[in-house]
Amino acid sequence: MSKLEFAVFGAGRIGSIHAGNIARRDDARLKYVVDVTASAASALAAKYGATVCDTTGALADKSIGAVLIASSTDTHADLCVAAAKAGKAIFCEKPIDLSLDRVDATLAAVRAAGVPMLVGFNRRFDPNFASLRARMAAGDIGTTEQVIITSRDPGLPPISYLKVSGGQFRDMTIHDFDMARWLLGEEPATLYATASCLVDPAVAAAGDVDSCMVVMRTASGKLCHINNSRRATYGYDQRIEVHGSVGRLLAANVTATTVELANAASVSADKPLHFFLERYAEAYVRELDAFVKAVADKKPMPVGPEDGRRALVLAEAALASLKSGRAEKVSA
Amino acid sequence: MSKLEFAVFGAGRIGSIHAGNIARRDDARLKYVVDVTASAASALAAKYGATVCDTTGALADKSIGAVLIASSTDTHADLCVAAAKAGKAIFCEKPIDLSLDRVDATLAAVRAAGVPMLVGFNRRFDPNFASLRARMAAGDIGTTEQVIITSRDPGLPPISYLKVSGGQFRDMTIHDFDMARWLLGEEPATLYATASCLVDPAVAAAGDVDSCMVVMRTASGKLCHINNSRRATYGYDQRIEVHGSVGRLLAANVTATTVELANAASVSADKPLHFFLERYAEAYVRELDAFVKAVADKKPMPVGPEDGRRALVLAEAALASLKSGRAEKVSA
Amino acid sequence: MSKLEFAVFGAGRIGSIHAGNIARRDDARLKYVVDVTASAASALAAKYGATVCDTTGALADKSIGAVLIASSTDTHADLCVAAAKAGKAIFCEKPIDLSLDRVDATLAAVRAAGVPMLVGFNRRFDPNFASLRARMAAGDIGTTEQVIITSRDPGLPPISYLKVSGGQFRDMTIHDFDMARWLLGEEPATLYATASCLVDPAVAAAGDVDSCMVVMRTASGKLCHINNSRRATYGYDQRIEVHGSVGRLLAANVTATTVELANAASVSADKPLHFFLERYAEAYVRELDAFVKAVADKKPMPVGPEDGRRALVLAEAALASLKSGRAEKVSA
Amino acid sequence: MSKLEFAVFGAGRIGSIHAGNIARRDDARLKYVVDVTASAASALAAKYGATVCDTTGALADKSIGAVLIASSTDTHADLCVAAAKAGKAIFCEKPIDLSLDRVDATLAAVRAAGVPMLVGFNRRFDPNFASLRARMAAGDIGTTEQVIITSRDPGLPPISYLKVSGGQFRDMTIHDFDMARWLLGEEPATLYATASCLVDPAVAAAGDVDSCMVVMRTASGKLCHINNSRRATYGYDQRIEVHGSVGRLLAANVTATTVELANAASVSADKPLHFFLERYAEAYVRELDAFVKAVADKKPMPVGPEDGRRALVLAEAALASLKSGRAEKVSA
């Protein structure tokens, strides 16, 4: 079997997950790890028998078929453009960039090069959400009418991270915007957002919010609600509910075990899995699988660059709505 | 034991429930039933050993301590005013009126008469929601941050009813507006609403909507979402979720039994109780109990006339938002 | 409407429930309360507008159509015989007697008198168990193969009560034996029982056990398991599970509310309803309803005297098995 | 890192799972695959880069540190003895043998050789059951009083398999006997078993049963119930419930997703995972992990040969009870 050879950019938390998933595949090989922090690159490369490399070297190697971009957000666009020019298939973590102009330029470069590109909206590959959507497609609930997305992180990231994150809408809600588009099956036409700083005043001091609610409406009248918080003391709260003309589908949280304790106080069960590494472990495996197979079969990517762009457009509309106090029209 | 004697106005579905609940109490007596439809009044009076009467006669009877107003919405305000002038304690089904001006006039008359008045927001007395709120008050989730209210009817009422209902916000969402205020513990300062007609085009033809989403924000930044639909094929969907600084409380739907079937198709459980008569049967009992006890003990009503007014103010804001496309400031 | 007039024997906990349920019916009337403790009889009679009476007087009153026997177990048989001779319909709390001989004599007298008799196996009227069985009858799980009954009390009754109770099998398991027969649809042919004293050594000192397990087998090979304990710190644990050729039905515990709390510790829900007064409140209402209707319609009782006898036969077999260490044949 | 080199005996369903799990470890290597069917051995060896070998060759290779025995049951004992003499660490699928005498002889050989041996009771490594037991050990429910084990296969295996399986107790219930011992923390002293042939008369014709119930009692009075069926149309039903002095722990079934559908028929969720390959996939990974680590650290095996023997002793007692109709004393 010929193996798809990968260069992974970024040896942090997400890069490490992807590197491990690449290494466990029979049809792929982790060849290079690239990271500005040499020690991180070395450690990750050593773990999976890969080689430390720099960007130029990795992209110049003809044997490299695919790049996986999991470096810091501000490097994504340049790496995508360079990889596109080098003719590599691109797996890029979200977001492509925090600036819509740079995203547009990146997409143009990718299109010009004709290389396949997947944007890392991992939740589409979560077995629960994927099953929910497959059942929508199978007609289980008839015509989609309302989508309700609950997405709450277990706790606040460092304020230093928030400062470069692009803010809650572009960093956190962007995943939910992608889920909304995917489930509505139609582009949101208007979007209203409101938000607060309830978790920590330091978030407000950093110019960000930590609690928000969004409502969107499509041209045909489908409605969608998203609620986010940067703090859910009980773990990572990731639920979706879709109401249709003949029923409702929901995907509940996932727990580590099915153990339940009944005692004089209550009947208690496990909390949801703590955070994305646990909850979406299987989603990352399936996401990579979809990427590798699409490259091998020369099929369209299940989440393409335009999906990355559209989610950012919604985040921008949310920011505009937050300022204007009105529902914003979502631009095309 | 001295019994509180009641005149019930309106012998329809809700009036009959209240009449039965009055009749089953040791400390109350159903004396009169008043209804424009003589046969309905007779049937209900006969069922519980009461007498058919007209408004004037019922209010003139000194032995009548309380009126229960469950007649058509357009009669509520006049009956409240007349009952207030006659010095009766008032239990008035929601809404007091569809016009805020008439509500204000009614409240003024009630205040002037100094009679106690309960507005029939029955959901506050649902054992599940009451327990949820008691646990909030007990500090189970710390400071309230977000409230999410799901409220979906099993099916569309007759279009003829919709035409006199005041529209989805004033007829249906008004219950959720009351729940929102009750759970937020703070008045909403801004409100955004959007809506669609997805269930039946006849609803749009009647000038109404059947599917809506609302987002509210209080001055301190608490957020609240409501979603409504006039159709939930699986029954009456009535759920509440409150997120606080140290936890989340939710009240799920109620089912007739705990029976579960596992077979080759799935593991299936009961649908939610079908509609308000089933789901809120116990709430109606407890609501009446609270009213009778507040009258007996000369204590404040748990849901007063101002609560009735405030919920209508939110419904008006929702209508305004629907037209303006922006978040409306909620007037005091 | 002609009303069925009742004399209630026994003004204790169970007698009071039935008295209240009688009083709340339109088609029944609580006329007499009989109890050896005069104050208890007076209090209960006063509560529902009834009269205190003695046994002879109550049975001599021609207007009395039915007796409800909820006095101490050792009085049941004599009262049944006297009521039968007086031609009254009989509602007798379980057990008819602790001695099979006396039960046989009682049944003979009832048969001779030709009066209808219901034995108070209230669980058959629990909405959950009744629904489970109706769905078995409707074919939801095909042919019944195995029945598993979990029945655990929240806490130990007074040792003084245990001493006159007849022991765990005749006092507690007897309900489960009735459920087993009702669900198996076939008489158990063999029965094995084992038991321990795990809750309190005082139970052993009183010659009883507090924890037991039973396995029964019918002639056609259906299997049934019962587990009992006198202590379940989380409340009254009452569950049933039936496995059939094409599926499984189970009835889970019932809770006061559907409220769930998620916090840093766990996701916790209500404990089961505490004990039989709460869990079976509705069952008592439905049981009385079935009795009154069967009397009015001259239809067979849903739980007859032979059911009372057969459950005791199983309890006797359990006692024998406990001694012999082997599966006992169940006598006819 | 030095790697533990494995020879896997048996290239069937279970052998393949273990082979894959060995291959995925950094600290182990699959060197040889041995199977009487050459094509099966070749295919499995090729999949993971191993070599086909015969028993003699594999055991003679000094580099082989461990054998994994997943061949047909009748070969287990001889392979264990041979492996023990060759000084290999032994991972042996259950049962060691169907004959207690051969088991004893095997254990003697293993003891004499002083090699470590794990018997494949995979359920101890299921995350749900392991968590349940860890919480028992942590005191969550106080003193253990009753254990209830539900273990039901989705469907009947081929009759040809049943004929060599040793019968339901030795083939299927043996897993539950191990769970019972593990959870009771004490050896069962008496055991009663009853059984039927309800699924298919061909099972009876083969001299076996397909539906059984067992009750065991320990010397201190702890009670345990097991129910088994060879058919559960809704999937693999694997649940455990433990009652203690201050609470109850239960481990429910595991599902593929948390998706729930509400429609006009019911509210339905996923069936349990279909069979052991799905349900216990993670258990097999953890079981191998425990084996490899115990070998590396020269620590006692978490499930030793004596555990394999004791479970068989209980199966023998069940067979004896089935014949005698009485509770059998369990021999030491």
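Here the chain labels run A, B, C and D in written order, and each chain numbers its own residues starting at 1.
Definition applied: contacts are C-beta pairs under 8 Å (C-beta built on N, C-alpha and C of every residue); 3 or more make two chains touch, one makes a residue touch a chain.
Given the structure is predicted, the values throughout are model-derived calculations rather than measurements.
K.L.:
A-D versus B-D: which interface comes out with more C-beta contact pairs?
P.N.:
Counting C-beta pairs in contact, A-D comes out ahead.
K.L.:
Determine, using the mean of C-alpha atoms as each chain's centre, which chain is farthest from chain D.
P.N.:
Measuring from the centre of chain D, the most distant chain centre belongs to B.
K.L.:
Express in whole angstrom the distance between the two chain centres, defined as the mean CA positions of chain A and chain D.
P.N.:
Result: the chain centres lie 40 Å from each other.
K.L.:
Averaging only over C-alpha atoms, locate the centres of chain B and chain D and give their separation in whole Å.
P.N.:
58
K.L.:
Using the touch rule from the top of the page, what residues of chain C touch 2 or more other chains?
P.N.:
If we look for residues of chain C contacting two or more partner chains, we find 232-234, 237, 246-248, 261-264.
K.L.:
Contact residues on chain A for chain B in the complex?
P.N.:
So the residues of chain A in touch with chain B come to 143, 145-146, 148, 150, 152, 190, 192, 194-199, 211-215, 217, 221-225, 227, 229, 231-234, 237, 243, 245-248, 324-327.
K.L.:
Which of the residues in chain B end up touching chain D in this complex?
P.N.:
My answer: residues 232-235, 237, 261-272.
K.L.:
Over in the complex, which chain B residues touch chain C? Could you list them?
P.N.:
24, 127-128, 131-132, 135, 140-141, 246-254, 256-264
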